[in-house]
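Both complexes below contain chain A, partnered by chain B and then by chain C.
This part shows the complex of A and B:
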């Protein structure tokens, strides 16, 4: 048993390093994206082997699932808006895409060696400094574990990761959500005014049935992951990534999306941050410190914050996808006024 | 039993490494995308085996997420990639 596990770990680690190097150095951006998706999958396996199932869940949902979709979408968009339109010979006889005609990184002028040396020195000394700080911490005793075990009793949840994220270090999570809000605000303001997500091609029977089958399951698993986050691996970010992936599916297929009024979308978008802040301020009034929950209420408050956060983060992820889409901003709200199966992507490309 | 389960998990990982050759060498975007789809399936299987072999039931949740989210990138690829859409009008529908 041990030997096959040891081999498993060895091959996994080696493959991770090789794939990571290839992602960084591949000239062909499409290959880099596909390898990045694979890297996410393998990394998720590695987190599982390290016993960090919460991180593995997040990596599987965000790294391997949504980020790959976002990158593919962005590459498709930048290629279409790029200065050189793809000539016809990028398609070979079988209708597939010929590899060496794909968009590649433009070769940059090389940095002089003094610059490289300076950069290497700075990066090296920062790494050494971080090692000097972190390595002695790893040697120390069981003290942190004992402290956490004691604090867990007052945290309101039984999953230590959720306790850290939403109770002990809730401040960090609050700021993370604020960063996500900033990102989506930036993307929305950059793409504001440009058209809607195109639902150009009518999706065939296979894709339509697939979406119909998978969407209810995605929603159900998202709720399950959110709910189990209080006592087992799971939580708001993972659930939101699942919901967001469901939203992306709706956006790229011509399934009839639930339309919602613009103000409602905005309210839902900020609801997570707002509720989190209100709970934090409430703690200030009740327990005396910002984001300090009264122990009796901790479980309820954490579940409330996580639930609202899930909706908001899912919407953020969908909006980010909309922002990187070929025809721009809005999204499901305007999808209703698009005639089903309107202009195919290809002919639209020719007219533009 | 555990030896068998973990051995199969190891075998599947070697399969992933073999599939990486296809992602690496292409030659077409379609080849790369299909190979990465294989990893979604294989990854789910590996996680289920690890959940059994290491008796850590939480890994089954990760497998569930793997299985649900692996197709997303492919759907986006098929829908949003202009040239694969034109391939859609060509080779894919010829057989219908």
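This part shows the complex of A and C:
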């Protein structure tokens, strides 16, 4: 191996461990979250070095980006609703959300050091045991592998990861998308239309024009990642993560809030899963099976499913960030005084 | 290649509720209820067709996307899957009927709280949960099982927080953390097995696994993870608050069906994948914990002061019985099959009885606004049907003849005594007595104490369907005992004991 790359790997690994420790021992939660985002980005570099570019993309966009944003969101919410009484304007108009629904988060009394030590010892020994089991597995090359070369020819795509996700094991992916839908349903049943996005960033001409410049690029890169997914690393999840990140960026800065009808929003949320199901059921026509694609059509059908999935998953990620209610009909209507029928994607709250 | 695939019937119990969930979510409002009710006969018919095929043609396998394992994912239905499917269809149908009444008028504001349309949110979540359960019972792939577990857990958590009360949110958060920890432990086991054997298919794993360090690690990780998800004592801490604070139909689903999902996976892995000489040293651990669960859960139920908490702790106790199977059922012996099928029968019986009990508790809460056990006498005069259902379900939970629980406990007792497990036998008997003790607290309150009819308290009217569906489920738990024999014959199909095997000379 190239010796300079070996050095790079060593430094990367060391940095990962150091950053992980800093996250654990950070006194301030905000600092911990920022370090967590750094950790995610470094981890995605590590995935690149391991040759798993698909995983690296997902880690950078979802693990570091969106999860970090969700953490920051949560931190802002808990600080506002923390031990001091919440300022009046953060209470929902009906006075519900704050006192009734969110458990008040108070700083816990810190665990005594003996408890920490015991926990550390248990976790450490389990990790050591796992390492002892995993390392021999990883080094040995005689572990059986599934032969996919012949099947790849009939899969309709040339990127093996896409072939596994959207063809060989499409059923898993179908259920995973249902998991994402469920996450949105659950979040919406919790917040019932009263959640808002606080304007986290101060508005200004620089920021606004930056967002205006970057958004088209984000969309273009997302489309490219989606399109190239059939041949190279990329695909629906990564493209959706990019689009979702763009959506979140749009929400936290002071540009025009994208609005869409409640009904349309629901349709777009389920569209990915619905199209996936329909294509799967279409496979049962004739002599086929559920989720079977005719080899000649496989490429087209996979691209179709991936495109619709991208839109739905991106919306799911934005909705998770917003935590607003797509189902609570009266809930969202209540939160808005806009024209009936069309609610803004989020109702904004001015912190000034 | 045949022109049509008769085994395509395996897909419908999964796809029908999932597709309906999407439609219910998009249309919302009143339509979600209508669609939810409309899909019930379809799902029941689909599970019946699957069972019919398995009964007549043996275990069924279906390659999704026409990619056979190990490349693709296969659905597999044998007797055990069918029994679980039938249980899910039966309880799901009853709970659906009950929920129509329960969530009726949930949109209107009451008690000064801003109301959301709980009913419209209930149906998509419940239909997804139903779909996830069927996907789990039909899966033949250990990674796919992980995905179905996640789907099941998230749907369950979404249902727990439906009420939106502070207690429910706190319970749901605890449930979420425990369930995610369990899932991750299971996933780590899956990764180890895939790394070592290069396949995720249960049947091929069962053929290819060899006893080595990685398999030992995988077994332990999966066992702990699934025990956490099944709330085996002492990992049950999340269950009582979650099951006790959820809306009534949800509690019935959680206690009756959801915990059986992770138990089913453990049962499958233990008897279908891991070699016998490998699991033997570990058999006593789950069995002893199960025995402890029976005693501890019953004690807690004895001192509970709310009916729903009593029923929730009773679930902790009854789940303990399920884990006795690992100590009693030995692969390759006839007594092994007896114990194994008895425990599955017990799971079915418990699902019906416990479901009925939670639904009844929900009706009481709905009508009286509380479920304090000492104040039950006043309520019992108002709800004769519901209290009759409690009585019938209690018979099923105590394990009196002719219920299936009696058949199951009797068989377990016989196997335990035959195998020399005196301690377990004592706990089986003691558990039944304790169950009688805590259930008689409720029955005594309802039937023997002179009811003080408080005219000042206003009671809400209850839709008649809620009471009748509860009673129906309770009667099913009673009648299941009479159908024990066909159920056990069904379980034999495709079980590890299915080819007639020569009984071992000495156990």
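What we mean here is this: the second predicted complex is superposed on the first by the 243 of 352 C-alpha atoms of A that agree within 3 Å, B and C clash if a C-alpha of one lies under 4 Å from a C-alpha of the other, contacts with A are read in each partner's own complex, and residues count from 1 in each chain.
One rule holds in what follows: contacts are C-beta pairs under 8 Å (C-beta built on N, C-alpha and C of every residue); 3 or more make two chains touch, one makes a residue touch a chain.
The shown structure was predicted, so the numbers you read here are calculated from the model rather than taken from an experiment.
Applying the stated contact rule after C-alpha superposition, one finds that A:156 touches neither chain B nor chain C.
Using the contact criterion defined above for the overlaid structures, shared-chain residue A:247 touches neither chain B nor chain C, since it reaches no partner. Of the two partner chains placed by the overlay, only chain B lies in contact with A:35; chain C stays clear of it. When the two structures are aligned on the shared chain, A:66 is found in touch with chain B, with no touch to chain C.
By the touch criterion defined above, A:284 reaches chain C but does not reach chain B. Once chain A of one complex is fitted onto chain A of the other, the partner contacts of A:186 are limited to chain C, with no touch recorded for chain B.
Using the contact criterion defined above for the overlaid structures, shared-chain residue A:169 touches chain C, although it does not reach chain B.
Comparing which residues of chain A touch chain B with which touch chain C, the overlap comprises 92, 94, 96, 102, 325. Put simply, chain A touches chain C in their complex at residues 92, 94, 96, 100-103, 129-130, 132-134, 136-138, 143-146, 148, 151, 167-172, 175-176, 178-179, 181-183, 185-186, 188-190, 192-193, 263, 266-267, 269-270, 273-274, 277, 280-281, 283-284, 287-293, 325, 327-331, 334.
Interface residues of chain B facing chain A in the complex, by the touch rule stated above, are 2-3, 6-7, 9-10, 13-14, 16-17, 20, 23-24, 26-30, 32-33, 35-36, 39-40, 43, 46-47, 50, 53, 56, 58-59, 61-62, 64-66, 68-73, 75-92. Residues 1, 4-5, 7-8, 11-12, 15, 19, 22, 30-31, 34-35, 37-38, 41-42, 44-45, 48-49, 51, 53, 56-57, 60-61, 64-66, 68-69, 72-73, 76, 79-80, 86, 90-92, 94-99, 102, 200-201, 203, 207, 210, 214, 217-218, 221, 224-225, 228, 232-234, 238, 241-242, 245, 248-249, 252-253, 325-326, 344-346, 349 of chain A are the ones touching chain B in the complex.
Taken in their complex, chain C has these residues touching chain A: 1-5, 8, 11, 15, 18-19, 22, 25-26, 28-29, 62-67, 70-73, 107, 113-114, 116-117, 120-121, 124-125, 128, 131-132, 135, 143-144, 147-148, 150-151, 154-155, 157-158, 161-162, 164-166, 169-170, 173, 188, 192, 195-199, 208, 213-214, 217.
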